[in-house]
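Next, two complexes with subunit A in common: one pairs it with subunit B, the other with subunit C.
Right, the complex of A and B next:
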């Protein structure tokens, strides 16, 4: 397989990783590949996949968002309160998504016009948003989400949960936006070379704010999924999940140096993490090794990535040498003619 | 007042070496997991019947190895330190949980029954000063000398400010970077053990809440996220200012979450003010030079006319 196409299609590598993982675990425990279990994995991936997609968009602009877990908790608590107090579900969804966008815009404004490094900005809001969600509920969790809303979490189409379909549609939407629209390409341009993008007329500040807003909306959508699946939400919801979301994006081939990657890759990374963790119980390994497995997968992915990149650079240099040496005799002759 | 310092100075003990790492242009976000790992390994080896001080050595050795793993991965792959330490953040936290699982420790209670001499390490006093504060000040002096007075400190600064120039100057970048990560892991492991002693129980999640407050200290202490800039003195001051600020807010009757909101906002505002104040200083300077130049031009123009 060509090394260059391997790098260009990192999401394909991640997807085949998922397939190989499922096949390997299936050899030991055939029940792992049963449709019901695969559906369970899909169902438990959707939240992480949404957060990973949002994180991926921010990472593509060469920033990072570690506040997604807190945004999930804050938007989820607002949504849970609205649902509990009888606000129509449609209105709640709109308000929650708008709130997510607003929280993301705050991050984006701090990073662009406030000139705060993105990790510092989102670390600050990680604490602040989580604190706000505590202040709203005074530490209690929100129970009694109406049964009508919870039914969304149990509904299915063609045997696959409705929420999984919705998330797939949303991810395809974000993917098309990034890949096929002018503004979407600006996201990649900004991440690849911010000054260059600015010089050719890209509103880099606007693009970065947009990316953080997308991340906020994804976190809010994840909160809506959480409410539908779980039916209640506490202040601790999503604590520490931001690191998993970033890990999923990186496993799926999104480079932290910006400008590279797709939301499909990030979602595939999320599936990979969830499948790997759930395979532990099938392999008879205690659940407390889950974090070790995630860390090991991430490090192996990074190590392989670095190796492939180095080999590619090496080959590029060799090609250049070869080209120079083949061109050299001609150049020497030309010089003779000139004399 | 002195006694209340024990509730926050341990953050400063990690913030010092972390400042060193950030001055070389790197970052380490795995230190919380290293603290957990070293704490639980100390606890498990103590439970296995080893003398507590030998167990502490085993815990510190685990932290040392963790630091070497971080450094080796960062130097050998050339990948961004943030992602590498994100990976080891999971890896070490998982290993800590695994160790406590293998030791049959319940995650809620941890390992208790530690000897009083060990508990006195963090809760005791020397000459009326809490031990934790003494340790913090010693660590601060060591790092201030290391960064300000040693050739190692100057090399670290150059590597952060301009890695290419440092490479052309013949510095062994790998070695300097390795030392910075190993020191961070060692201090994190030490803090894990100190917290174990302070709470008199070894737990696998003891370091989980360290990440954000420690990074806050480093950033408010004036260390640049982009490398090359920062001082230990700044981190030292930040440790006390933030620590006493939070204590004060709590005394005023604020809840833990209101304090979190204030601290988070303070972090963002300080980081933003840093850039804007530099920007305005530059503009004022430029304008002064411009005015002076215009005046000089006016004077030199007259004789000619």
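Right, the complex of A and C next:
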């Protein structure tokens, strides 16, 4: 596999990373690779995978969204209150997703028309959205999500949890949108070269607002999963998870410099992080290593990314050099003929 | 790119600091305080039923004791946030600080500075090093609470048979939970045939608590008991056992009745324990009021606190410390409660 296709298919590298990780842990603890455990890891990854996919879309536009944890908490608390007070689940899902989109649009408007750098804008809403959830709940957590809704978290189809299926479908949807539609290609174009994209007629502001809206919807979807899997939600829900979501996207090959990456890669990065943390239990490594492990994985991914990029640049320079030298003798001959 | 992440991380911390003021428990600091002595009652973090209940108890007791008690915390359990709060209230001239500490020594210099300025400094729920406060209002000594954990687990798991048990609580730096777990582990090693297979942490995050427990159960198919002395770890573990339909695992720990009610009713677990945290908040305020009245307290002294009967100052050694000094010690709450299906209906916090 040459470097260029390696870079083009970074998610393949991440998926191989997951496979290698599972095989390595399996050598020590065969039970780690048991289907039931792999399904459990998939199930545990769902929340992070959704957030990572949303973050990835924003990062592709060369922005960043650090408010996803707060959006998860706020939309989840609204959803939890609605479910607890007897609002039908379908209506709740629609309202929660719409709220997520609205929160994302606020981020997008601030970044585009407000001209606030995305890190600053979403840091602001990181605090503001969490503050709002405090106002709504007065600090208390929302308990007693109806058992009927929690049953969604336990349902499965062909032995695979329903929520895992739903997230796979959602990711395929976002992936097709990004890869196969004109608007989706505009997301990459905007991240790769915003001014250039603008010049060729891409409505870059609209694209960026859309990307933040997608991130908001993903956070809201993660909140709906949270309610089904956890059955209660507190104001602390999702605190600090934005860093894990961004890490998952980067591990999955989404470049922080924009224009590169896929939501599948981001989801694979999320699987990798969850599997790595969960492997600690199997390897008998004390729990307080978890953060260190995630940090180390992220550094390795960034390092590998930088190396691959550098090697690629180097090769490009070499190619050009060679091209010039191979062309040179011909040119010299031509000159001779002319003389 | 690493730089970008670094900047992002630094900014996140800043943002978290910046949002702190809006996050407090919603107490009023309007003019109603008047000339009453001001007391800040500080939790590890806000938004957890346990601390909210303690705060409610403390604020209510403020009225009884003629103090303006304000429940003030941050949404994030961090040393930096608590130090910031302590410094703020010290410089604003508060008369007393009552803190549930996230770290044994992280708050020390801020608290010592407060004491130097004549502020009454107490801890509740989770202590600092004893030289950094005057009195610790304790929910029970580590011996009492650690052995309570083992006793609860032993109700269903015979101590004379080999069994795998695991611990699950918030973080490796939390003073109180570490102390209980250490005592419990000591008892398990010396008095039972059980084997401790793992200790996992969930950092006050319920979804992490669910995932960690599911991983724990999968990694240890013969696990017989999980001991979860943390208000997030216990409900998270219960939800995980429900998700996995794992019947053979006994779960015990500490959390609040309102959070655990559905799991008791669904038979996911048989019993868990806590102390009356509203009463702990109120008792902390009673001690602060006694000291703010100009009284001194030393080890062995007793005093009458309205509504609590006779309270006694114990030496720091009951909590396992070496440090003893005048005007310094521990006041232990008289009782703790084990909640079961029979009595959980009597509690609402």
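Methods note: the second predicted complex is superposed on the first by the 335 of 339 C-alpha atoms of A that agree within 3 Å, B and C clash if a C-alpha of one lies under 4 Å from a C-alpha of the other, contacts with A are read in each partner's own complex, and residues count from 1 in each chain.
One rule holds in what follows: contacts are C-beta pairs under 8 Å (C-beta built on N, C-alpha and C of every residue); 3 or more make two chains touch, one makes a residue touch a chain.
Since we're looking at a predicted model, the values are computed, not measured.
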- Message: Once both complexes are superposed via subunit A, do subunit B and subunit C end up clashing or fitting?
- Response: clash
- Item | subunit B or subunit C, by number of subunit A residues touched | C
- Mind working out whether A:229 is in touch with subunit B, subunit C, both or neither, as first, second, both or neither? second
- With the two structures laid over each other on chain A, which partner does A:37 touch: subunit B (first), subunit C (second), both, or neither? second
- Task: Identify the partner contact of A:308: answer first if only subunit B is touched, second if only subunit C is, both if each is, neither if none is.
- Result: neither
- Task: Look at A:141 in the shared chain and tell me whether it touches subunit B only, subunit C only, both, or neither; answer first, second, both or neither.
- Result: second
- Message: Tell me the contact category for A:281 with respect to subunit B and subunit C: first, second, both or neither.
- Response: second
- Just subunit B (first), just subunit C (second), both, or neither: which does A:29 touch? second
- For A:152, select first, second, both or neither according to whether it touches subunit B, subunit C, the two together, or no partner. neither
- Message: Per the contact definition in the header, classify A:115: touching subunit B only (first), subunit C only (second), both, or neither.
- Response: first
- Message: On the A-aligned overlay, A:257 touches which partner chain: subunit B = first, subunit C = second, or both, or neither?
- Response: both
- Overlapping segment of subunit B (options 77-85, 149-157 or 293-301) - the one that collides with subunit C in the superposed model: 77-85
- Do subunit B and subunit C touch any of the same residues on subunit A, and if so, which? 64, 119-120, 123-124, 126-128, 130-131, 134, 139, 240, 243, 246, 250, 256-257, 286, 288, 290, 298-299, 302, 305-306
- Task: Enumerate the contact residues on subunit B facing subunit A in the complex.
- Result: 27, 73, 76-80, 82-84, 86-95, 97-98, 100-101, 208, 212, 215-216, 219, 225-226, 255, 257-261, 263-265, 267-268, 271-272, 275-276, 279
- Task: Over in the complex, which subunit C residues touch subunit A? Could you list them?
- Result: 1-2, 4-5, 7-9, 11-12, 14-16, 18-19, 22-23, 25-26, 45-49, 52, 75-76, 171-172, 197-201, 203-207, 210-212, 214-216, 218-221, 232, 235-236, 239, 242-243, 258-259, 262
- Item | Complex interface listing, subunit A residues touching subunit B | 64, 110, 114-117, 119-121, 123-128, 130-132, 134-135, 139, 240, 243, 246-247, 250, 256-257, 286, 288-296, 298-299, 302-303, 305-307, 310
- Residues on subunit A engaged by subunit C in the complex (per definition of touch): 29, 31-32, 34, 36-37, 40, 43-44, 47, 64, 66, 119-120, 123-124, 126-128, 130-131, 134, 137-141, 143-144, 153-154, 226, 229-240, 242-243, 246, 250, 255-257, 274, 277-278, 281-282, 284, 286-288, 290, 298-299, 302, 305-306
